[in-house]
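Sending over a structure as structure tokens; questions will come in a sec.
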Amino acid sequence: MKLNKIAETLNIQCDKDIEILGLNTLLDSNENQLTFLENKKYVNDLEKTKAAAVLVKEEFALKVPKGTTALVCDEPYLSLAYISKLFAPKVVETNGEDCIVGENTTIMPNVYLGKGSIIGSNCTIMAGAFIGDNVTIGDNTIIYPNVTVYRDCKVGSDSIIHAGTVIGSDGFGFANRKDGKYIKIYQNGNVIVGNDVEIGANCTIDRAVFQSTIIEDGVRIDNLVHIAHNCKVGRGSILVTQVGLSGSTILNEYVVMGGQSATTGHLEIAPFTTISARGGVTKSITEPKKQWAGFPIMEHRIWLRLQGKIAKLLK
Amino acid sequence: MKLNKIAETLNIQCDKDIEILGLNTLLDSNENQLTFLENKKYVNDLEKTKAAAVLVKEEFALKVPKGTTALVCDEPYLSLAYISKLFAPKVVETNGEDCIVGENTTIMPNVYLGKGSIIGSNCTIMAGAFIGDNVTIGDNTIIYPNVTVYRDCKVGSDSIIHAGTVIGSDGFGFANRKDGKYIKIYQNGNVIVGNDVEIGANCTIDRAVFQSTIIEDGVRIDNLVHIAHNCKVGRGSILVTQVGLSGSTILNEYVVMGGQSATTGHLEIAPFTTISARGGVTKSITEPKKQWAGFPIMEHRIWLRLQGKIAKLLK
Amino acid sequence: MKLNKIAETLNIQCDKDIEILGLNTLLDSNENQLTFLENKKYVNDLEKTKAAAVLVKEEFALKVPKGTTALVCDEPYLSLAYISKLFAPKVVETNGEDCIVGENTTIMPNVYLGKGSIIGSNCTIMAGAFIGDNVTIGDNTIIYPNVTVYRDCKVGSDSIIHAGTVIGSDGFGFANRKDGKYIKIYQNGNVIVGNDVEIGANCTIDRAVFQSTIIEDGVRIDNLVHIAHNCKVGRGSILVTQVGLSGSTILNEYVVMGGQSATTGHLEIAPFTTISARGGVTKSITEPKKQWAGFPIMEHRIWLRLQGKIAKLLK
């Protein structure tokens, strides 16, 4: 879509007819992508962006680097929401190539296979599963009944997805308009699940707003776990039942999250960290191999001391 | 159903043959409905009821207003449970008018459309979705795969329901019999979801025991959220992942509930209230526009002070 | 499968050709089952085992009783994981007897009925439900849409399973290999749900690793509840929304678990115990009929006192 046409939908003056292929963050955008700056704490990223264009408030227009077109507006995030719809693919494709299914793969009755999807060999796709358009599934993978994989997502080889789990639902994103209406940020990214991953029943893994929500190789996820958009769950990590990861949480390799633990999002957890059951991670954890507990989070040994103090208080 | 026939099933003497069309609360019942009084804190409501009849203990029989028939029994709530079954519609209808589907609406394969349901125009109902009998869905609404909408529920226009979500399952209601058996209170109400609502994946919204569980216009609900019977979620409210609302919780407009927060039920939260992540709301919040946290709930600024005190305790 | 063939897959020397029919715990194994000892706190159980053979470290080999063959290895639990796969039935059966369906039972469209399953009379199995191979369902039971019952599970009579619930998904079990790879413990047990049980929407009940996860008669389970492998939920127990039971939790009869409460697993709760909302049970509760709250768990009256102390601290 041409940049001048996009600008026109926002009533912004712009005569550049560069082809825009998608939306992305300031740092990750390339010369065919459009980005935005809402929060001034990212001004440094603005100066480094390689995006074709950026939605930006007037006060930051001078900081837009050469080679990037400034689209000046009052509410960049709201403008992003409006144009995110222009880049949203259809919910279901009616045209396109049919699905390709590998050898020795069993497709049970009542399975829906989307256009352009590719299923590897020796897979079992069980009744009631929904495999959306352009989904890729590796070899030897089992998809249990009533699993939904939204369009454009990828699942690796030797993986198991238990019944009722949803992969690729929209991340929870919207901009606030002054009249109180929420404008949806279309979630045009996807989910990538690696190899040798097992995901329990009735989990939800949201697709990324831009790029991918990532579940790396060897991860084990229990039932009823929620993983928000743009999270990364590092290799070998273990998420016990009812864990909730807020948006853009990065778990490095071999992180263990106990049952009902959670993160507040936009933070990173060091490798080999253990979060005890019910732990609520409110800040990044930078030192590896430690155990944490409580909400707000504290080192587990401190949490034990706190329990001792509370016991004393009760005497 | 005639009142004398209903009374007969409970072994209560009654010769009135008024037509009873349903069950309802003391205050909401009309002259063709039957109600009950179990808890004496509602005696004032008894005196105002316009119900055709009321299940009531002997001690309160004299407080039943003229025009309302007293059905005297030892355990009114248990009696209500028994007769709730008489008013339960069939789980599935085999007779009745077929579904009406609007223009430009896509119904994918493996979708079940119940008798008498009405789907608006420009909708997409994706594979594996179940639309029960007498369900109404507005225009431009997307129902993702493997969603279940139970019979008699309504979903508005311009709404999105993500995969695996269940709308209209039975509220968690039963009466205790002295021998330890639970008698189901049939949940004969429904769920009404407004316009411009987005509901995430694998949520559960229970139908009302009487009347409706209501999700008003503009609400945004994340994944794995539970909303119990007879809740009302006010216009523009936001419920983040893994929130749990207990029965008869009333959220006024623009309430924000953080991740994993919850309510104990039968309470009301003022407009523009924010409940922080993990907040456990144990009482009504009457003053609007404040932020709350912790369990039991306290003002967020008090909660911050508490964290300071705890930090000091640990030194 | 012959014991010597099993041993061969683990590179363990063994010439006994006893027929091994399955895996089990030390105490529950019979003379056709294989067991293991990993944790030395179960050495007493080793001395009592009646298993045909036991995977055991060299240091405990002398404690293996006569009549039981010791399979000596460095990592018994990891070895168990490897051989658990040998006893896993196929995910889906393509041979076998067709399903038997009782009188007056309604099977809606898009239902999958597995080989050898038996559905009683007067049941309703709603659209999108998956009934796996060799599943048994009693009389008068309602299975709502998009429910998944995995192979070999049993559901009793007069029970209701609400939409999206998953019964019999794999328990969360794996052994750690030194290189960081997790080896799946195949969950070869099942789930047994009793009579007069109601289970809410989008719950997950995992199958046992050996034997059965058990939901006894008269139990009531709300929505989004998780029950891990090898739990037993005693007769008449009530589990409110978003409860999480960790593996091998035993609830005795008439236990009430409030909303979002949880257990850490491998513990037992006395009859008629009430756990308040959010309670986190970290140890067995042996005295019946008491109320508990908080995390770590304490008696409810102590928890109330703690809230008083905290209120004072804030003044």
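For reference, chains read A, B and C in written order, and residue numbers begin at 1 within each chain.
To be clear about the criterion, a residue touches a chain if its C-beta (ideal position, glycine included) is under 8 Å from a C-beta of that chain, and two chains touch if they have at least 3 such contacts.
Bear in mind that the values here come from a model prediction, so they are computed numbers and not experimental data.
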Intersection of contact partners for chain B and chain C: A
Interface residue overlap between copies chain A and chain B, same or different (over half shared): different
Interchain centroid distance [CA atoms averaged], chain A/chain B, Å: 32
Chain B: positions in contact with at least two other chains: 110, 128, 146, 164, 202, 224, 242, 260
Touching residues (chain side chain A, partner chain C) in the complex: 106, 108-110, 124, 126-128, 142, 144-146, 160, 162-164, 196, 198, 200-202, 218, 220, 222-224, 236, 240-242, 254, 259-260, 277-278, 307, 310, 313-314
Contact set on chain B toward chain C in their complex: 91-92, 110, 112, 128, 130, 146, 148, 150, 164-166, 169-170, 172, 174, 180-182, 184, 202-204, 206, 224, 226, 228, 242, 244, 246, 260, 262, 264, 280, 295-296, 302, 305-306, 309
